[in-house]
Amino acid sequence: MEHELLRNLRKKVATEKYPFIKKKPPEGLRGKLIIDMAKCIGCGLCVFDCPAGAIEMIGKGTAADLKVYLDRCHFCGQCAESCPSKCIVYSTEFELANFDKKNLTIEFKRKL
Amino acid sequence: MVPAEIIEFLSVLIYPGFIFIFTLAFFYEWVDRKFVARLQNRYGPLYAGPGGILQPFADFIKLLAKEDITPRAADKTTFRVTPILMLALALSTLFFIPTAYTTAVSWFEGDLIFVTFLVSILVLITLIAAWSSTSTFSTVGGIRVVLQMLGFEIPMTIVMVGPAIVSKTLSITNIALWQYTTGHYFAIYQPIGLIVLIICLLAEIKKAPFDIPEAESELAAGWITEFSGRKLALIRLTTDVELILAGALVTALFLGGPTGPFGIPSVIFFLIKTTGVILVISNLRALFARFRIDQMLGGFWKYLVPLALLQIILVTLGVG
Amino acid sequence: MVETKESKTGLLERLRNSIPQEWILSLKAPEPRRIFLSVKREHFKEAMTKMLKDEEITHLSTITGVDLGEEIEVIYHLDKSGTILSVKTTTPKSQPTLPTVTDLIPGAPLYEREVHELLGVAFDGHPDLSRLVLPEGWPPGLYPLRREISIENIRSALEKAKEEKKVG
Amino acid sequence: MDEERVIIPIGPQHPALKEPMNFMLKVEGEKVLEAIPNLGYNHRGIEKAATVRTYIQNLYLAERICGICSIAHVQCYAQGVEKLLEMEIPPRAQYVRLILSELNRLHSHLLWVGVAAHEIGFDTLFMYLWRDREIVMDTLELITGNRVSYGFTMLGGVRRDISPDMAARVKKEMKTVRDRTQYYKKMSSNERSILKRTQGVGILKPQDALALCACGPTLRASNIKWDVRREDPYLAYNEIPFNVVTSDGCDVLSRMIVHYDEVIEATNIIEYALDHMPSGSFREKVTRRIPAGEVVSRVEAPRGEDIHYIKSNGTDKPERFKVRAPTLGNIPAVCKMLSDSYIADVPIILAGIDPCFSCTDRVTFVKGEMGKGWIWTQEELRRYANRWYQQR
Amino acid sequence: MNVVKWARSKSPWIIHFNTGSCNGCDIEVVAALTPKFDLERFGVLLKGSPRHADVIVVTGPVTNQVKERLKRVYEQMPSPKFVMAIGTCACSGGVFKDCYNLCQGVDKVIPVDIYVPGCAASPEAIIDGAAKLLKKISG
């Protein structure tokens, strides 16, 4: 064991200097989600399947806006799976810490 | 000319008095934490000052500025007084061990015995402090402190006598000086004594693998569980001063104290030697799993006491 | 009534021979290594004792309680060399009681307490059916896994219990 | 209760237990006379909630029964639902799931040994183990995109495939993990201060282990060769050669050794599976409505047998979803180990069953008096219970 | 006064409290302390006693059973004290939204200073949250 200690003393430190040096997030990391409202057909399947009730639909059908509560979202990816028009994608943005819960709600509005 | 009283006063206050010791205490805590972190393949404190060197200082200031809660059930006076008393005791013990100069701030023939006595008192005050907070964790922790003392006190006292016998003095300062003048360093002549002393001191300052009284995984924080704010700051400072105490004691008794050749200021030698001792202590801390109190007691009586006695026998036979 | 897909251990065959027909409501093996045996409540303890002894079964995986509406079904999932033998029996919901199996299986008390707490089945002879998973101050007689209890019911009952505590 | 005895509350925010749970220890000196655990702190009511959600939503709920063996729970659930559908998932999906399960076991076991090291005050070993565990976490992140809750297992298959690039990297990492584990195993079985704290501590005799229905590594460390992967094979476990590791020490040290050996075994399984992966699709479409029926499904989670019971009534929501997670199965066993131990051994004994109370959250009490071993007979239990209530 | 602020932001001692989480966030909090991420860089020490802690790190959706304990631990901490809600569960209850035995998020029980969503909040996300909080403390 002493041998191992001394070996580690000589070795480079295993620590990554996050947040000062950031490494590239892995492909497929599910961070904050982004909805492309241009493609959304307002079918509501994402709302229906979300296990955490993190998506809310305001309005109906093709005119509906979507609201995502990041403080409820578990980043499970089911909404992207369910969406028939594949308009939900995940960014790799995971540094979402916030002092105020309100800032964790994002709205996706249709451009008129 | 500055009057002698003022020099005396300054020496108590600044160098080699309080300020010097406190700075040193923080420095050694940093050395300890940093070295252990490094052994564990990580950085340890990094952003408080260069390389995190101000970390212990930041901890101290933060604790001073925090709310200081006295639990309702606690014995208020004792609870309040004991941390101060402990720090005072640790500091005054240090005054009998040579640090910055080749002689201690205060010394007399027999201070070796006095120092062991002070160390025991320190332990007893810990028990009182633990008792006064009346929480069960503290109480069990406090009892463990005393049990632990039963383990380390005897072998520690015995090995400390070793150097005294050879150098024919009971003063720590003189023992250190004797080694320097004769060139007989006890680290070489009484290695068993050195090892036993370091192990005992490890138990005295309650560092792993003998951090049984503070065992985090079974007793929250042991006897210090209920202390917060300023009191906790003082307790932590005491712990750090004890770390110096351990380093200084080993240095004085076995490494010739703050002495060395070439007319370089003695404090440099002191720093080098104690840092060495502290690195050894940190290394041991990282090397072992915590012992159980019964294993610790059993081990000390089964191995360390005989070893200490063996050392003394060797010394009296003239081998040391 | 009896299907055979279970093979390896021949457990199904042996059960069919060793347990009297009149105790059994159904016995089937819908897939390999799964046997469902439904026994009448009156003969449940006897059947259990006999099976455990004959087959030298020691492992009880868990006990499931299911609210069937009029009755509560209790399922004991036993393991015999990799085959899960699920022994079912029912008890009327109006007064659900069953004999305990803690005397046969030392590992069973927890599972019985859980069923007791979540569905209100009393186990005769169980040493201690006190609170297990639900918080202190849970309204007595509120069994969360019963069908008629919805999540809203539970929430409002909890609110009420809290208020009563405050007043009292 | 006897006033002279000190009572130490352990948990739920106690550092020894990363999970919310509460133990009252009745102690005399340094000896534990009795431990009264209370596990209800984590009861979330998942079983009820599952009945008002669709099968798809429950997939994620099952994953979140526990974050450490998330793969095990979700596998157990998905496997059950697929049986109700009477479908076989594609062979490639089976292999991918199997690899994931084993990676899950790897990280969970390394995690546990690390925690055990921490409990005996050996933080350096804890740091090393967790450092090397990050290798496994990185591979998991590589394959699934996330570190803990993977959202990877879907009804009918898996979400993504393992590409040859990934496979090559995983294989490389497995070698490192195996080498490191072999080193730690050697070190742990030689290091005196570890032996002192683990050898002969928390004894669970084979007959007790069987009688108290223990499972997983706890059972195997009591020298009982029983593993769901072998007894009741699922996925492709019957196509892959592997050993069921046992150890006959019946103490915490054996549990440690079993964990190390299972890590080594798991790396072999992963390598073998990567080499023998069938080609083809990795996912099939599944209907939302599940045919009526009932199914008992079980898997070998890192901590032992995990068993789910699902009853469907033909709609898109289950009628009953029952979970028995491995830790619950081991609680009677840990109670047995705890009585008549030292306070200092409590954390390591508790940790010894690799507890995770988030899926367990149930309560029990232990009894045991100093100087006497105890047998869990019904008579004794009853006597104990009566006394307890009289004294209150 | 500035020295005090500086000291506070350099020495956040944490106590970890699991309020019924799935353990996912807990292991990530622990992972954040280990060599790869090493929160001690920031002066973070994990403490066993609430009396010693400055920041309480809460994971999990707060079960009814644990509610009172959480309040008590919070009260035992000497001020100034801060609360970090780690993981989506601690932020809002998330996937356990209709489980009957929960009070849906830490902020229903004690005031939360910073929310760190994620399932599980990865060690990086936790460090990010901690860094943001420390920045706020130092003013």
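To keep things simple, chains are lettered A, B, C, D and E as they appear, and every chain counts its residues starting from 1.
Note that in this section contacts are C-beta pairs under 8 Å (C-beta built on N, C-alpha and C of every residue); 3 or more make two chains touch, one makes a residue touch a chain.
Here the structure is a predicted model, which means the values were calculated and not measured.
Q: Determine the shortest chain-contact distance, in steps, between subunit A and subunit C.
A: Steps on the shortest route: 2.
Q: Suppose you hop from subunit B to any chain it touches, then on again the same way; how many hops at least until you reach subunit D?
A: The least step count works out to 1.
Q: Both subunit C and subunit E are touched by which chains?
A: Touches both subunit C and subunit E: D.
Q: B-E or C-D: which has the larger count of contacting C-beta pairs?
A: Higher C-beta contact count between the two pairs: C-D.
Q: With centres defined by CA atoms only, which chain is the most remote from subunit E?
A: C
Q: From subunit A, which chain is the farthest off, judged by mean CA positions?
A: Farthest by centroid: B.
Q: In whole angstrom, what separates the CA-based centres of subunit B and subunit C?
A: Distance between chain centres: 61 Å.
Q: Could you grab the centroid distance between subunit A and subunit B? Build each centroid from C-alpha atoms only and quote it in angstrom.
A: About 51 Å, centre to centre.
Q: If you average the CA atoms of subunit A and of subunit E, how many Å lie between those two points?
A: 21
Q: Report the inter-chain centroid distance for subunit D and subunit E in whole angstrom, where each centroid is the mean of the CA atoms.
A: Taking the mean C-alpha position of each chain, the two centres sit 25 Å apart.
Q: Multi-chain contacts in subunit D: which residues touch at least two other chains?
A: 14-15, 40, 43, 45, 48-49, 52-53, 60-61, 64, 124, 127-128, 131, 134, 146, 149, 191, 361
Q: Check each residue of subunit A and list the ones that touch at least two other chains.
A: 1, 5, 8, 13-15, 51-52, 74-76
Q: If a residue has to touch 2 or more other chains to count, which residues of subunit C qualify?
A: 134-135, 144, 151, 154 - these are the residues of subunit C that touch more than one other chain.
Q: Mind listing each pair of touching chains for me?
A: A-B, A-D, A-E, B-D, B-E, C-D, C-E, D-E
Q: Which residues of subunit E touch subunit D in their complex?
A: These residues of subunit E touch subunit D: 15-28, 30-31, 34-36, 46, 48, 50, 60-61, 63, 65-66, 69, 73, 95-96, 98-102, 119-120, 122.
Q: Which stretch or stretches of subunit B touch subunit D in the complex?
A: Touch residues, subunit B against subunit D: 36, 39-42, 136-137, 139-140, 208-209, 211-212, 215-220, 286-295.
Q: Under the definition above, what is the set of subunit D residues touching subunit B in their complex?
A: By the definition above, subunit D touches subunit B via 6-10, 14-16, 27, 30, 117-125, 127-128, 131, 191, 193-194, 196-197, 342-347.
Q: Applying the document's contact rule, which stretches of subunit B touch subunit E when the two form their complex?
A: Touching subunit E from subunit B are residues 33, 37, 40-48, 52, 54-55, 57-62, 65-69, 137, 216, 219-221, 224-229, 232.
Q: Flag every residue of subunit D that touches subunit C in the complex, lowest number first.
A: The contact residues of subunit D facing subunit C are 39-40, 43, 45, 47-49, 52, 83, 210-215, 228, 230-232, 293-296, 298, 305, 307, 309, 311, 319-320, 322, 324, 328-329, 331-332, 361-365, 376-378, 381-382, 384-385.
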